[in-house]
Structure formats: C-alpha cells, structure tokens
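Note that the chains are named A, B, C, D and E in the order they appear, and that numbering of residues resets to 1 at the start of each chain.
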Amino acid sequence: MTEHEQSAVPVLEVRGAVKRFGAVTALAGVDLTVHRQEVVGLLGDNGAGKSTLIKAITGVHQLDEGEILLDGQRVHVTSPTAAREHGIEAVYQDLALFDNLDVATNLYVGHELTKPRGWRGLGWLDRKAMRRDVQERLATMQVHLPDLKGQVGLMSGGQRQAIAVARAVAFARRVLILDEPTAALGVRETRNVLDAIRRLPEEHGISIILISHNMEHVVQVCDNAVVMRQGRVVGTTRPSPETAQDMVAMIVGATEGAGKKGHQQ
Amino acid sequence: MTEHEQSAVPVLEVRGAVKRFGAVTALAGVDLTVHRQEVVGLLGDNGAGKSTLIKAITGVHQLDEGEILLDGQRVHVTSPTAAREHGIEAVYQDLALFDNLDVATNLYVGHELTKPRGWRGLGWLDRKAMRRDVQERLATMQVHLPDLKGQVGLMSGGQRQAIAVARAVAFARRVLILDEPTAALGVRETRNVLDAIRRLPEEHGISIILISHNMEHVVQVCDNAVVMRQGRVVGTTRPSPETAQDMVAMIVGATEGAGKKGHQQ
Amino acid sequence: GDSGDPGDGGSSGGASDGQQTVAVVLKTLSSPFWLQVAGGVEDGGEAEGVNVTLAGATAETQVQEQIDKVRAAITQQVDALVVAPTQAEQLEPILQQAVDAGIPVLLVDTDIEGWEGKETFVGTDNYQAGVTAGEYILEQADSGQIAVIRGVPGNPSTDSRIDGALDTLEGSDIEVVADLSANSDRAEGRAVMADILLANPDVSIVFAANDDMALGAIEAIKAAGLDLEDILVVGVDGTSDAVDSMLAGELDASVAQNSYDMGRRSVELAVELLNGGTIEDRVDTGVTVVTTDTAEEYGAQLEEQAAAEDVSSD
Amino acid sequence: MTAVADREDAPPGGPASGKPGRQSRGLHAALTVVRLGPVLLLLIIMAVMAALNPLFLSPFNLGNVGLEASVVAILALGQLLVIVTAGIDLSVGSVIAMSSILGALWIRELDLVSGWLVIPSMILAGGLAGAVNGTLFVKGRLPHPFLPTLAMLMVARGVALIVSDGQPITGMPESIKLFGSGRIGHVPYAVILVAALAVIVYVLLRRITWGQWIYAIGGNREAARRVGVPVDRVLISVYVFSGMCAGTAAIVVSGQTNSAYPTAGNLMELSAIAAVIIGGASFFGGRGTVIGTLVGALILGVIQNGLNLMNVQSSWQYVALGAAVVIAVELDVVRARLETRLRVVRTEETEARA
Amino acid sequence: MTAVADREDAPPGGPASGKPGRQSRGLHAALTVVRLGPVLLLLIIMAVMAALNPLFLSPFNLGNVGLEASVVAILALGQLLVIVTAGIDLSVGSVIAMSSILGALWIRELDLVSGWLVIPSMILAGGLAGAVNGTLFVKGRLPHPFLPTLAMLMVARGVALIVSDGQPITGMPESIKLFGSGRIGHVPYAVILVAALAVIVYVLLRRITWGQWIYAIGGNREAARRVGVPVDRVLISVYVFSGMCAGTAAIVVSGQTNSAYPTAGNLMELSAIAAVIIGGASFFGGRGTVIGTLVGALILGVIQNGLNLMNVQSSWQYVALGAAVVIAVELDVVRARLETRLRVVRTEETEARA
C-alpha cells in the first residue's frame, strides 16, 4: 500500500509466527512485513501479542513455528546477540535497564567503547569517549537528568524510558523496534521521540516498528499499521486521521479488519 | 476555582513539601490542595517531582520539610500502612506488583479476606471469596487475562497495569492516587479507567489525584490541574480544551504559570 | 547374624561368602591417626580371615554421621561391631540398639564409662595420653611458660588430652600463658602460634592436642626467627609427618597411642568373641612417647604398618 | 527455550496437527507423571538405591531413612520460610547445640524427670536465638541476613560451649528419647513429628494470611511494604519460627544421643539449605513448597543412607554425594523443561482439534 | 528514612538556612571522613584493638595480621566477582585442599625442587574446579550456583582425601614457603601477593569491559542478555577466576604450613563470603568493591588476631567474633545513614546561600 511496498525485498519479514507459553497461545500464526525506511505501527489490545512478536524478532523468545527473513534471507535469531549482529535494536516495554549502573554505562553496556577497538571483553574502557557521547545523545531528546553519574534505578519513570530509547536509537543499523517508547514520557520528550522516528528512516536508512496505544502518534509517524488481536493479525491500514476510527474498531474487535485479513475467531 | 474549593475543608493538603535525595532536590517547597470529590491533575515534565510528591503523601518517602493535612488535621504518614489506614490508595508508576503471585492474590495482599474477619495475619484465607470478587473487579475494566491463576510476572505490560489499577480502585476510601495509570493500557482499557475516574468521586465520595502526560485525558476528567517543574508548583488551571495549550506551555517552561504561582527560577 | 532380626527384610548382612563380617566404625578416616588404626584393622581382618568393613564420619565432630553409619551396620546385621565413639555417651543409645539386635559391640580408642553393653574396650584414653605428655614435659623442663593449643572446641578427645596435660602440670613451676584453639588445623596452628609468640615472647613449651597443630606451630616459630632448640614442642598421635619433623630436629616429641595396635587388637578380639571365646573387658594398648631418639625406629614400624592404598575392604 | 529451537523448521501447522485421541491420552499421562516434580525425582533415586542394594527397601531401613532425614527436614521446614522471604538462616546448626544444652541444664539443675518441661524450653531457646537474628536483621536495617545469622552461628556455638563447659550432658527424659529412637510399628516418632510440623508449616504458609505475606515479601519486599504488609514484624517472626524449628530439631538430636553436646548440629545448616533448594525453592525469594522441602531432605537422606549401606568410604561419599546432588537438580531442570514442552504440545493438539 | 522523621516539625526553610561558612567547612570535612566507608570502620576497630592491647600496633604484629588475613583476602577477591553477579561460590575452601594436594603430588612424584612449576599447577587446578562449577551452573541451566558449588565443596574435599590417601604431604619448595612466611622488612610476601591480586581484580572489574559486564549481569541478568552481553561465558569465567583465586590461596596455605593436607581450607568459604559482604557488596548482585573486600578480610583478621593476643578462650572467641561482626556491619549502616544525612544538609546549605 505504501510507496515502499512494491519497491524491493522487505527488510524484515515474519511468516506464520506461532508462540505458546504453556497453555497460553500468545502468537497464533502472525505475518508481518517491514520495508526499507518504512515505519510500521503495531497496534492491538492489551495481551494481543505485540510484545511477544517483537521479542521473537529480537531473539528473546524462540518461535515455536514460523520463520523470520531479513532482506529476504531466512535467519535464525537464536539470541538477542544474534539480533544485534543483524542490526536490530529494541526498546522493550520493561526497559531492560541496569538499575545499579549510571546513565552513561547503561547506554553502552554490550556496545562499550574500548581503547583497542576490536577487543570486546578485554578492551580498556574508554569512559571519557562514552561520557562525551552520552551528553550529545541525551541532548537530542532534551531529557533533564539531575546527574549523569546517578544510578538509573533511582531515576524517574520518564527519565528511565528516555535512557532506554536513547540507547536503542543510538545503535540500530537496520531495524529499530520501539515497544511503547513514549508511555512514560512528558509532552516535550514525546514530541522529540516522534520527531526522531520520522527523521531516522531517511537519515540512517533504517526501518522502524512502533508499538503504541496512541492513535494520534500512529497517525503522525507511521506509514503502515498492523492490528493484532489475540495472537492474530486482524487487519492492516494506512494510518490517517480518517482511518483512526477504523483502527480503534479493529483493535477492540467491533468490526472486520479493513486490510487483507479478515477478523478471525 | 472549582465549585468545591470554597465549600469545605480540603480532604488533603500538602504545605511546603521539601524532599532531597542526597544532592538532588526533588521537591523544593510544594503546596497542593485536594477537595472532597475533586479530581486533581498533577502535570509536569519528566523528573519534575510528581512521583516523589505522591510517594510522600502515601508514606513511601518521608518529607524533609513541610506538612500533610487530612481533613484539616495534621497527620504523620510515616509508612504506607499508615496512609492506607487513612483511606489513601495509590497506583505507583512502577506498579509494585508481586511477580511471583497470581492475579487474585496480587489484588488482595495487605487486604486479605479472611474467615474470622478481624484476624489480620492469623486469619484463614477466604480464597473463594477473593476469587469471586476479582472476577467482578476486572470485569468493570474489561481486561482480558488469559488465566487468573497465572503469575503476574508473566503478563503483558497492559495486563499488569490493569491489575495495579484495579487494586487501588478497589480499596480507596478517601483519596485515590493514580500515577500515570493508563500509560500501558490499550484504547478500550484506557477509556474504562477514565470512566471510572469520572464516576468514582460521586459514587464513593473519594477524591482523586491523577498524574498524566496526556492533556486530552486531563481535560476529560480533571476538575483542576496543578503543574510542577523542577520540584516547584509553577501554576494551576481549570483544564479545558482552551487551556490545554497553556498547560503544555507551563509544563515545558515556555511561559509564566496562569495560576496563583509564578514561574520560578 | 546370630539373632534378633531388627528388620523383616534383610538377609544375613554383609557376609556374602559365608565369612563372618566385622563392621568397624571409626571416628573418621581422614586423618593420619585414624588411617593408622584402619591399617591395623585391615591387617587384623586379613590375619583372622574375616570380612571387615571400615567406615568413619567425614570429621571427628560429625557425631550424627557416625550414628547413621552404626545404624547402617545394624541394618546389614553384621556379626560384630567395633566402634570408636566420636562422643562417648552420645553413641550409647545407638550402640545399645546394636546390642539389642544381637550384635556384640567392642569399643576402641574412646571408652563409654559405665555402659554395661560393651564387650570390651581396646585402647588408652586420651586423658592418659595427655598425662603422659605432661609427665614428659616435666622431665624436660621444671619451669617455664607453656602454650597449649586445643582442637575443635568441644571435641572430647582433643580436650581431654589438654586436660590430662594441664592436670599433670598443675603445681609445677610451669605457667600456662596461652590456651587457644586451632581447630585441629595445621594452618590455624601456625596462625595461633604466631599470635601467641607475639603476646608471650618467653614461651618455652608448646603442647598441641595433635601433631598437625604442633607442626603448624613449628612453622610459626621458624617464621618468627626463633630457635627451635629453645622451645619444647610436643604433639600427640605420632604421625609419620611428626616423625619426619623429629628426624629433622624440629618437633621434640609426640605421644603415640599405638593406633595400629588398637585397630588390630580390636578385630582379633572380635573374632575371638565370635568363636565363642571370652575376652577381657579392658585391653590397654598403652602409649609411647616418641622422641627424637626413638623416631627412626618408630618411623620404620609405621611404614610397615601403614594402611594399604585403598582402605576400603570390599 | 533451546528445547524448541530445533522445531523452527517444522512446517506451519505443526507436527501435532494430524494426531488426536491416543497420543493425547499418552500425553496427558506423561504430563501427570512429570508434574509430580521433586517426588518423581525422589522415586527415581530410590529405585536406583533399591537396585544397588536389596536392603534399602526393607521397612526397617526405610524407617532409618526417615529417622536420619528427620533432623534436616525439621531444620529445612524452618529454613523454607526464611528462604521464601529471600533470606538465609545460617545459625540453625549451632542453635541445635545451644538449645539442647540449655534444655539439658534444666534437667541437671532441677532434676527434671519429665520431658514436658524440657521440650518447650528447648523450643523456646531456639525461638529466642531466632528473635535475635530477626531483630538484628530487621531493626538493624541490614541489607541481608547472612551476616547476623553467621554471627549467631558463632555466638550460639560459643554459648553452648561456655554453659556446658565443653562437656556433653548425658541423660534425657523418656519423652525425649522417644523422639530419638522410638517407633510405632516401623514408623519412628521423629517422622511423625516431621509430618506434624510439615502440616503446621503448610497451614501457616498456604492457608493463613501470614503465609501469603511471606510469599509477597519474597516476591517484592518494597511492594509488600507499600500495600501495608507489616514487613518488619513478618520477617522477624520468620526467623523466630526458624529458630523454633532448630529447637525442635534439638529434641530429636538429644533423643538420638540421650544427651546434649556442644558440637551438635555442626554444618547442618548447609544440609537444610540444600534440602530447601533441591526442593525447588528460589534463593531470590517468593518460591518454595513444603512438599518440595520434605522431598529435598529425603533425597539427601536416601543418598546418604544408600551410601552407608553400600559402605562407601567417607572420602568417596563426598564425591558421590556431590555428584548425586548435581544429578538430582539437573534431573529436575530436565523434568521442568519436559513439562513445559508437554504443555505446549497438548495446547497445540487441543487447538488442532478445535 | 527514619532519621529524618524527627525533622518534620522543623519550620519551612529548614534549620540550616541561616548559617553558612564555618559550619559548611565542618560539614565538608565530616562528609569526607564518613565517606571513607569501610576503611573508617577498619580504623575504628583497629583503634579499639590497640587500646586493648599495646602489642597490636607493633609492625611485626601488623605483618602477622596481614599474613593471617591474606588467605581469606585472596579467596574474597575471587568471591567478590561471583557475588557481584548475584552468585555464590561455596567450594573455595575445599578447592584449596584439592589444589595444594595436587600441587604437592607433582612435587612428590616428579621430585620437583622448584616451585615455578608447582605454583601454576595449583592455580590451574583451582581454575579447573571453577570451570566445572561455572559450566554446571550455566550450561546446566540451574537457577542458582548454590547447589553446584556445594557439590564441588564435597567433591573437591573427596578428591583431596582420595588422592592424598588422607595423609598430609610435607615439604614445599622454597618459592612457595616464601609466600607462606617470607617478609620483606615487615611486609610479608603474602601481603604483596594480595596487593598484586587486588590491583588485577580492580583492573578487571573497573577498567575493562569484562568487569562492566559483571556488574551489568549482577544488576539485571536478563537485560544483559538482551543488550548482547555474552552472559554465559562471562558467568563461567567468573567461577573460573574464583577457582584460580582458591588455587592461589592454596599456595599461601601450603607455604605457611610447608605442606599440603586434605583438610586444609575447611570452612574458609564462609569467612571469604563474610569478608565480601562486610565490605559492602550485595548478595542480590551488582554492588561490591575491591577496597571494601580487602577491608572486610582485614576486619576479620584484626578481630581474630586481637582476640588471640588477649588469649581469649575459644568458646569466648566464638561469641566475641560473632558480636564483632554484627557491630561492624551495624556501624556501617549508621555510617551510610550519616553520609546521606550530611549530603542532604550540605545541599540545604548550598541552596540557602544561593
């Protein structure tokens, strides 16, 4: 539907994803396509399976069935490390921060800047470079942090979320996944994050998956919206002020989906 | 400003609240007044001190300076237990759930229904009564939970928040404090919570403090809005679609407050 | 097994090939002293042509473990039990159960005073060893300052060694300046001695409740730059390490309880009893003071008696 | 999670889609068996022991196992409560010694013939030590009970040595000896005591509010505080209870040896903690069951008894016991994974049929 | 938090509002002192010991203290890494025995005179035991390292007993004896070894990425996994390092006693863990410092040494050591609270002046 859709091989494709937790079926056969530089909104009621889907993409969960393709190539994302190596970064709903560490450290864990660059675990930490960098990144989001050396565990809800978003934005090279990234953010911070979402695909050539319950935000930044209900995709639309009502209807299950798939079950 | 304000002694009054964490001053002298059956919106940027203020009211933090009055009586809220005994309930931003326990248990910890009623710690748990009750409470919010006996730690972000909100709503007798209660909720669940906020003051005679970053919600349900910045109250308004822009301006600090206090610092 | 079936299930115990079985439950098998006893037990069993099973707790203080091992022997309905009680009276109830189940019980090393159920006691008591040490010290010096080093607090065997020595020294001109515990551990023996030397630079006699601690103390004395000639160091047990140290002119003496004999005699007596003989109700295996003069000879004897590589007899 | 990785290649629709009925019943049965949890584990270990030694299954020996496991089981039941709150009580072994010595002093000083005064006083002495533990930890605002209970480990041992003068005190009243070695048929009194205590702990933990609070504190201590649970009082009471269990264990130990001695209970705290953890409780708090704990204590007891029956030397016993503990918990990990897997398969099947 | 409750009655504006200058400088000094943290504590305890016994402060005795604390300090430095990851390593005491026995066997079998082959082999043996611990824990998907390291506690002791046949092996090469009792001036070689190890651990923990990962894993293991930290490998390496520290401790123990014996290191794990915790590390992971750990080990060493110098009987030593541990951590709690308080007051003052 969007201009990108026909243009090329999708950056990310999920086919027939099934994930069960004991007796709960969180994903019951989900298909998802994300094109280059596209911003896809992932919508759905609480418990629809949105977070589970993105955790499967980032290797946190392993799918029971189904497959994941990156640039048309089938990949086995067996761990978050593998996903990162494929250039996928995510802000998780539970933020996944290190409460005992300070802001700069939190941003760089797993991506540390070291003095002999390639050395991974044995490299000397270049704390100065990291601290310099952090200032910049946080400045673009205009978050006020009382103290960059303060423990993240003691920060306010919005400050914490801002740190998590800054971290993911900094390192994504192919796909950036944002699971309700503005839920705890203030008015201005939210605006900055939305701006970044609009800007990043062009600037860095990445694609974005945005999970949000806020129709306004989806309309503002998404090229395409996928609606899930009870582990299934029940519709896709091109978000616009006019389709907002449709999307809400799909989410709450009041009507058939407007997209390619009908309302099931 | 509201019709209640002149009518009687305020239910809750905070005067000159100061709270410092080491070198960070989270509250720098805050006054807050909540009247009977009033819904007060508490607004402010990330890190403005909103959560700190409500934690001081519920006894989680102790104020360094200032005082708290309930129905005009000065009280020492030295612990959350004391706050609960005064009829104050809260949904905290970090939810404060028990990840290892199931939904029903989570709702009733600290308020258990026991067979000899008065027995507190030694009473026999009336699990049947609690389970029956839970169904009802969750039904009013229309949350889908796959399994009431499932561990809360494994539930989705929105499901968790719904449980926390249901818990607070159930037990508040005087003041209900909601710290961003709809941040993770879906469209329908959000609507239900907002409905409840509108309904509760009348039905149960309680007052509500709502912290939110969503102007729309504030306009919909609040009788009065208090805006904080950097630990200070920078303004109060009566929220309406017309004043929404003012409120945003106050939050981000672009203008002087429209209320009784001017923009400081 | 002769009589008294304690369980309904069990066949006649460990006697797999019709041989009689003597179960020997020592305090532990993880110290040189008890390995020496074990060596005697094995040789005794071989000489007499009986099965011996050897067991011991993981440490001398693990009373409960030893009780469990005795209980296992009762379940197996062995023909006779030889036990070195980790705590005297504390073992009495379970040993009485053995007797009630028709298993004769012989005690070795540690006696249970006043218990009628035992067939005999083989050994010398630890108190006597302490007395002997005290007498030896009095022979060597009539005055001076002594430091005593105890084992694990509350362990009756090491405590009574110290008590025996202190009672003997009472009234002499030897003054007790330090009385500390090193948990029967060599490294702790060193540490405690180092501290003692600092607080009491004039210490001239050291008595440790076992050789391990005595050897640790010697390391401390050497490290403090003192001359071992000036300090009389006495241990208990007569372990091969102690012998080597005496040969090197470091340790002065060790009171040996003839551990090998204890083990061997107890098995021999058990067999005699099983064959219908009558035995004395107390067999004193005596103590020997091994000194630098007698160390060589005693060492050779030890070598000869040492337990086989694998102490288990199955 | 890795168990399902190999299934990623399966075609959508899943392998189970075609086969209903028979497999389902088999699945159901398998799931029931696997869900037995630690009990299943215990049965496996007992089967191995029985195969290795015919004496093992004799009723008399099973009584022995019960008797030998009883002290650890009693301590573990108290420790369970502590561990569910994300704590640890290192003092219980020493508290056995202190309680039994204090009880025995009563006997000696007052010439008591009946145990019915001594028994409560032992339990009380244990509870007192627990109260000190709990108070130091909670009121002293210490971050973790490791240090205060380690201190009590030392102090209680010291007190036992000092008041007894390092000497054992022999002679216990009949009622106490009963718990040490008496049996009704093949069942030792000590086992009955454990059963009774287990029922009490079960009720406390699962049926009344106090137990609910214990799980809540273990799950999220700060949240418990916020919802009005009297966290401090509950924590102290948990340590008191653990101390009282140590006092109860002192009764059995004194009965078995007809005496009190100051080195009693040495290192028992490690066995008790191991039993609780083998039984599936989490060191991070909030998880743990009475049944699991009993089974954990029995697993340790069975292994020890089996090794004794086979007359394994103590040096080899160390190795064997260590290996057995690892195998036991490893089996439980496998079992738990199998259970999840079976549940998923069953869900798949139900859906396929629907 | 309770410390400020009494200030609720203070008039708005606060008591500090009026007084700048002098008080401020006093405040600043007080804050600096209080921030010394565990070091302050150590100084207090040393002052008490010196007051009780004049010998305590003699340089030679301070060397003794260092020597006696060195084994625990070495173990504690390894344990620190483990505890920062929210783990525990119970095996280190037994691993000392196993490593030293294995090293000594080299000497006996190959008639080695030089220690420079024995020393690496002891460290290696320790590392091997640690590798087994780590692998069982991580690859076995066990929820907590308590059980695998408890199993290793037993197995390593068993192995030490089996290969040594229960006999001590006397006679160590000079290089090893040096670490046991050699001194440069008043400073024992063992203390220099500890200092070197401390620097290494400091660099590993604070200066390179691996250490960053250790803190990250301790803070939030799942988050560490999600951001791409090779959690499994890091965890295993931590246990290997702890094992190697135990092997290093074995060198000092062997040197001190000029021998290897199978009961060496008994219960040392408890002292090592206590040292780390006294030094301010958290059992729940993510917190802990090298300095704190060293100070924790020294506190234990100083107390023990002081009690020995005063010839306190062993039963009373238990009581005194237990009490001292509690007082030490309690003092630290008070100190930490005082620090927060002083910071708040200083902020108040700065604001008042602004």
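The rule is simple: contacts are C-beta pairs under 8 Å (C-beta built on N, C-alpha and C of every residue); 3 or more make two chains touch, one makes a residue touch a chain.
For each chain, UniProt lists the protein as follows: A, B = Sugar ABC transporter ATP-binding protein; D, E = ABC transporter permease.
Note that the structure is predicted; figures quoted are calculated from it, not measured.
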Any chain that touches chain E and chain C: D
Give me the step distance from chain A to chain E, shortest route via touching chains only. 1
Considering only mean CA positions as chain centres, point out the chain farthest from chain A. C
Counting in whole Å, what is the centre-to-centre distance of chain C and chain D, each centre being its mean C-alpha position? 35
As a quick test, compute the distance in whole Å between the mean CA positions of chain B and chain E. 45
Taking each chain's centre as its mean C-alpha position, how far apart are chain D and chain E in Å? 30
How many angstrom between the C-alpha centroids of chain C and chain B? 72
Numbers and ranges of chain D residues touching at least 2 other chains: 157, 161, 166, 314-318
Multi-partner residues in chain B (2 or more other chains touched) are 23-24
Listed in rising order, chain C residues that touch 2 or more other chains are 29-30, 58, 153, 311
Give every touching pair of chains, nothing left out. A-B, A-D, A-E, B-D, B-E, C-D, C-E, D-E
Touching residues (chain side chain D, partner chain A) in the complex: 1-2, 4-5, 7-8, 10-14, 340, 343-344, 346-348, 351
Over in the complex, which chain B residues touch chain D? Could you list them? 58, 60, 79-81, 84-85, 90, 92, 96-101, 105, 109-112, 114, 119-125, 167
Name, in rising order, each residue of chain C that touches chain E in their complex. 29-32, 34-35, 58-59, 150, 153, 177-181, 183-187, 189-192, 194-196, 198-199, 212, 215-216, 219, 222-223, 239-241, 244-245, 309, 311
Okay, in this complex, where on chain E does chain D touch? 90, 136, 140-144, 146-148, 150-155, 157-159, 161-162, 166, 270, 273-274, 277-278, 282-284, 314-323, 325-326, 329-330, 333, 337
State the interface residues of chain C toward chain D in the complex, per the touch definition above. 6-11, 14, 28-30, 53-58, 61-64, 67-69, 71-72, 75-76, 87-94, 97, 152-156, 159, 311-312, 314
